[in-house]
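Below you'll find the structures, each written out as structure tokens.
Below, subunit A partners subunit B and then partners subunit C, in two separate complexes.
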Partner chain A sequence: MTNQLQQAFNWLLTVLLFLTIRIGFGQNVNGVVLDKTNSKEEPIIGATVNWLGTKVATTTDLEGKFTIARAKSKKLVISFVGYKSDTLDISNETDLRVYLQSENQLQEVVVRSSSTSMDRLSPIHTEIITSKALAKAACCNLSESFETNASVSVSYADAVTGAKQIQLLGLAGTYVQTNVENIPSIRGLATTFGLNYIPGTWIQSIDIGKGAGSVVNGYESMTGQINVELQKPDLAEKVYLNTYVNSLGRGEINLNLAHIFKQKQESKPKWSVALLSHGSTMQTTIDKNNDNFYDLPKYTQANFINRWKYESDKMVAQFGVKYLYDTRLGGQINKNPLSLDNLIYRFSNTTNRAEFFSKTAKLYQSKPYRGLGLILNGVTHDSQSQFGFRPYNGKQNTLYGNLIYQDIFGNTNHSYKAGLSFLYDKYDEKFADLTYQREEIVKGGFFEYTYKHLEKLTAVAGTRLDFHNLYGTIFTPRLHVLYNATENTALRLSAGKGFRTANPFAEYFGNLVSSRTVRFLETINPEISWNYGVSLTKTFGKSNLIIDLYHTRFQNQLIGDTEHPNFLYFYNSQGNNYANSAQIELNLVPAPRLELKVAYRYSDVWQTLGKSLNQEITVRKMFVPRDRVLLNVGYALPYDKWKFDVTLQYNGQRRIPNLSTTYVHTSYESMPIQYAPAFVNLNAQVSRAFRRWDIYLGGENLTNFRQKDPIVTPDNPFGSRFDAGSAWGPVVGRVIYFGTRYKLGGRI
Partner chain B sequence: MKKVISILTILLTISILTFAVEPPKTAEIKIKTSAKCGMCKKRIERDLGVSKGIVNSNLNLDDKVVTITYNTKKTSPEKIKEVISKIGYDADEVVADQKSHDALPSCCQKTSASHKD
Partner chain C sequence: MKKSIISLALMAIILSCSTNDMQPLLNITTPSAYVINGESTTISVIDLATYNTNTIKLGSTASGGHSSHNSSDEIVFPHHIYLSPDGTKLSIGVPGVDLTEGHSGTHETQGKILIVDAKTGQILSKTSLEKPNHNSIFSPDGKEIWTTLMQHDGKTLVFDAQTMTLKNTISVGNDPAEVTFSANGKYAFTANGGSNSVSVIDIQTKKVIKTITVGAEPVGAWTGVDGNMYVDNEVGQSVSIINIDKLEVTETIDLGFTPGYVAYNQALNEMWVSNAGQSFVYYFVKENNKWKKAGSIQTGLDAHAIAFSNDWKTGYVTNQKNLTVSIIDAANHKKIKDIQVGQKPNGIVIKN
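The block that comes next holds the complex of A and B.
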């Protein structure tokens, strides 16, 4: 019956087509939409064909054919899920042959021209930092990659360990789910130094999603999601060597090698392999403020990834191993000459981290919208530290699995992703006389439905249900909507819940470099948040304007209370704990190869403190500047022969703990509120490209701004008021650096 | 007034002299290459773009001829052909540097059939 109906329908359509061609010649545009992936032409059924900016639309039939009445618009848009949309200029053409390219294929070839861009098709507000923007901040790892991005800021954690933390939407980087190729990576104990563990030269691009992310990657994304794509074995240069030295004496070598094995036949599976390696060290003694403390720890890091890729018509598999060794030594340089005992305050940390990962995807050649993927990851992380007399040892073992199936309901306007996930986390931590152990086993399932209406509207509704061995059932709903009001205006809405287990020692690592006694007032519960956001993107030519507003409210938050100078209290939040963030960003391209960025961000972040004294007072969260301004100017000659880049950041006032040695903390209600002054940070870089070589010269913190006394009572590190964990600004001044990049055998 | 005139005269003489001494700054040259595809075009134009003395270059994929504007003071046709050879392509009578040629992706090597993408 259905067959007959279909045949009748076909016949009718042919007749109609014929009629329209005969009668309506010149009034209609006819065409056929085809796929030519395997040098075979196959019709694409159900592709949407519409005139840009109008409501005139149709879909292709079983033979991939369509007929559409002419409209005022001269631009015809042809789109289909799994394929790259095509826009054609139509003047008098009537019979078209349109070849759509599969999206997977295209992604590999796309070279984004401008350095930062917005992902226009994603319903989640996503900013992309390309390798071009990464080259602007030539040094050195992921923590420094956000220098020219307005949304993410890097904050200084303390004056001793050299750890760097990021902030997004006014909240710490721990609330951002940081993935490496869609595998949750910088989490657990790695939150302390994790950003320093991904060298910049390994990175192909970074996606920054603001607001609660997709449920596919788990429940941990609270304020955003950062996904780092590393260099791929089949796309990277055969040889990429980077060297770097700076005026502080830091030296770095990065070597990436990639190789594609020769295929015996075109049809045979393709193998490729890559080795990404990194070695860096700094062995100089830097003490610019003469407090007898190393401004930056001496350190050595060795780090590599060996990854493999297998590609055939039916499947793509990637797998590899990672290994990291990092050791650092900071603290007092010499024994205090005035002290009678033979004591010296030292901070040290040695981290060993090993990891394996695999990603397997089954492909359905004739149905590019369908896919089945499996992600597996295992990590063992071992961190050993010494803070003066107090040792800290942390061990983490993690196993992660995620199975994702992707398909459509009927036609590609309705697509979905569904899957199952598994997480095993085992933590073993010991700080001085405190032990902190946890074993988490989480089994979960998720479902995410995407509705697409032409180019106008995309809505993604996702839910996941997880069964946690310690915290019971966790329900996580999330919603994202993208509405293209006009061709140049996009409105995005997002709302969603986030959940995570906090790791107090790893997250407040810098605060441990002090005489503070660590005290847990109660059992720490998992953190739960709700995030709501709205963003507006307006593009005009190559320029754009982005305005966004986000609100994050915590149902429960881990409070690390440093108001009392002798204690670091950990407790569950009470009352109001929230963050508001508003940002306006203007990207201008006034002339070819000239890029201008101006951005202002307002962060309004509040926490309720006082449990240690049974009080309840809502105050501004520490170390979050209320105002931040970013200015970036970049100019390049054709082919980037010469490139110039200047970035200016204004960091407004931020609340800091009361560091006066005479301060006595007796009440939260009457405590004086202190602010650190605002400061400016200026960075600049020049680079020159040759055929195989790039050289670059740059400077960070060119105004040479330094926080005067980042450490409280540095002359008495074993005294009761010693505190190096409350630094708010740069400890080292101006840094000049020089580096080279050598590339051989690029694929383009 | 006299002073002004004399200064102007001196300036004028200098400028005339410098113009007379200076040869035409740029010249154009057309070189036939062994390019195959868009990738080759990109590679050749990019690598020429960052090479000494090249002002502009454009490779026509129909006839594989690259049109180059260059600074005559900084480079010469011989040197430019040498650069193209080093990239891995034939440049008129100068044969491609074998090592560079072999390092090119197989679709860009001389044995490959001409293709558009």
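The block that comes next holds the complex of A and C.
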């Protein structure tokens, strides 16, 4: 019996031991997390390893190793400050070797090659327009890069200058901080044509952040931020040639060259260089509505960037120069036959812009969560314009510096960025005989703390304190929270304050193509707003559903009042001035290589007007459609040999000025409210890929919709009611385009 | 009583000398043309030797703004400009409404009289009126400022030039526009746009001594040194010539176009008339003791006020929509050049 018991005990022990070993073997996943820079492998210490959507987590040890018990989730997330997080699908794997890719803000941006997507890890609601999405439309320049995006809408600012404006959350693009590689770029006098100054072939990707942005880049982000990443010297094609021509006679050529210098030894620093160039012109006379005005101005643009990159174990530096020349001529084509003299109304603009930039990052090999970076940027922008007989010349000199240090408190759940910034803006503007000068010197500091609780919660609280030589101390708090309720459900909250100095002439440039008398009713104060937002993202497979709500309330806003047909009044806002925006967007991948996007946006934007007559009335802001629908379908054959893309935009009614020549404006309270009709815009493109070549053929505004009379009294441009700045719809009709892309050598 | 009520209603407010704080001190010593720019709310000072210009900022539009549009303090659309007899001050009528498209209609704005130091550009006083005015002008002795109230029950007002207190209110015709003085220093002439007449006022007694019927909607009786007043009738498209000795119309010239201004050149014995809305000044010569159109001079768009140099050899024409002043060789009737000024230049005065 004793022996039997002993045998049974031994058997049981053996079984338990076996089971223990089996269970132990099957319940844990082991691995090592490494950084691979310049072919060197370094362990990443303190990286977070967790199962997505669970509380099961661990961190890597001094050798970068980890052991984590298995959980219900099959997705293992490895993250660390300064690196792009990686999510691995785990089935039976036990020993992992994971390389994290450095994503230092100051170093470079990850190339995204899939279609438009959400940045899942960012607590800021950020949409990414990838290079693939950019290729869906002609994308001659940044202004044309949002055609398939639901959040940003683009329209011509007027019927003469060819300037384009964007809207985000129902507000003008001036309230969006538009950066190029994290350097504030389209601002100041560049607001007018700045979207036309970044060729599409230079763009690697575009990030669109909704709501108040990070304090790291300044205080000017009021409703969102757009960051454009350009082609990098070490990632771009060796040779990339793009040509484009359209049925209006517009021709473009873009040539990007990139070269990586050979390293004598692998341990030696790496140098690379790129030259991005662009030339475009349109010299045809287009007057489809026969109003004797150019529907689009004749123009010529030459645009260059020469950029360099230096990379060593200790630092990464990028620097370069940019130069832009742009000239355009619009207005009347021939003199009015009724005119006794040879007078002709012309619009012209010539812009010269030169820029230098540098981004330097010191690397801490053993502590990759730590970083020190310095961004420097200098701009000189000279714009010479003529509106009939009214000249407008503006010159802007800007110097910008941003020193950023990032580190952790204890472990990577608590990280922070802190830094100092400097901004110098000098504006010299002359409108007719009046000069407007402004010199802004802003010294500031910022601190942004990030709390991360596994993949469940990320909270970013930031604040800035800036000392403005004209407007005193500016306090800018901002908060962003990302909560992953489940593996596929993300909730984002944001709140923050924004501040900017308005540039009335640059921002209301199109309204100067008129006989309106420009009047400043008072000293214009800086614009201040608060933005609050919430968004929900639900992912199912490759598809997703995004719902977001945003509210922007202005503490002060520049009002450009065009209610009186003879005046353009500028004054500070009074009463209620706010914008509500709600959007629902569904991105579906119902079948392989088939993408479908359906989005609806509701904009509820109001302004309080009437200061010129000592009245106060809150009305809908002009030119903002209340309803907008976007439908985009993309389909590709295997290997992307053929690609088809169709985009339909429905633009709802929008309030417009009273364009009747008999209208007499005597009261805001009793003025008639007028709306422009809704219209649809249909774009389509087909492209064919060869080994080195792509060719594409497309059409814009295929329904050929045009605003009937975009210019008021075009036959009397020197009369008191002439106005070309109140266009609300397309001026030119259908446009067919054809283009080629040639790539040589692939990446080098 | 009525006079005192009107005086109260006029709300004559004399403000301090620092109203255009943004205006840097100038030092204008050379022969200059002062051009009032209605839309810009500035004065362009053209150096007549070099044709370089300085700008005097008058109002909130010019400086970036400081007050609401309808406040009594704001300077809006200054119109005509005159020099004091001693050449030290400028008097500017500020109707508060854009009159470049014509003078018809009811205007609900408040007018102003602006006195500016002709050398430094500083605003010396700003006087608000109940109704818009067309101009304000120094009396021949420099002791008074005369202006009009553009209202149906028209008034010509006389202020003390030193204190800017109202001295006299003279009832004239309907909707009066410009008030001017005859070359002999005896009479003031107020063009009554709504009555198609000109009121002749004795400068000493401040009494209307005669009302003379002219063409439709006269704007101004422009002073000729030949003893005539040249009245431009905007709607009537004519010029009525009033002899100041006879105080009657001696000739009416049908123009066939809308006049903007009339000026007499003594050296050439020519009458120049600007063509409102167009880019021409027409010159007339005497034939058989009658004025006859002799030719045209191309200027800039919407030719308006005309002035001549002291020696009558050079003409200056403001072009309201061209933002220029045309410099004209008077004898050859040729434009020498255009000088860029501000928006909607209107009145012009020459200081030698």
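By our rule, the second predicted complex is superposed on the first by the 633 of 748 C-alpha atoms of A that agree within 3 Å, B and C clash if a C-alpha of one lies under 4 Å from a C-alpha of the other, contacts with A are read in each partner's own complex, and residues count from 1 in each chain.
Note that a contact is a pair of C-beta atoms (placed from the backbone, for glycine too) under 8 Å apart; a residue touches a chain by one contact, two chains touch by 3 or more.
Because the structure is predicted, anything quoted here is derived from the model rather than measured.
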{"item": "Subunit C versus subunit B on the shared subunit A, clash or fit after superposition", "value": "fit"}
{"item": "First (subunit B), second (subunit C), both or neither touched by A:540", "value": "neither"}
{"item": "Superposed model, subunit A: greater residue contact from subunit B or subunit C", "value": "C"}
{"item": "Touched partner set for A:639, first subunit B, second subunit C, both or neither", "value": "first"}
{"item": "Smallest separation of CA atoms, subunit C relative to subunit B, angstrom", "value": "60"}
{"item": "Subunit A-touching residues of subunit B, taken from the complex the two chains share", "value": "39, 42-43, 45-47, 49-51, 56, 83, 86-87, 103, 105"}
{"item": "Residues of subunit A defined as touching subunit B within the complex", "value": "238, 638-641, 689-691, 744-748"}
{"item": "Touching residues (chain side subunit C, partner subunit A) in the complex", "value": "37, 39-40, 42, 44, 53, 55, 57, 60-62, 64-70, 76, 98, 100-101, 278-280, 298, 300-302, 321-324, 340-343"}
{"item": "Residues of subunit A that touch subunit C when the two form their complex", "value": "340-341, 343, 388-391, 432-436, 517-524, 566, 569-571, 611-614, 718, 720"}
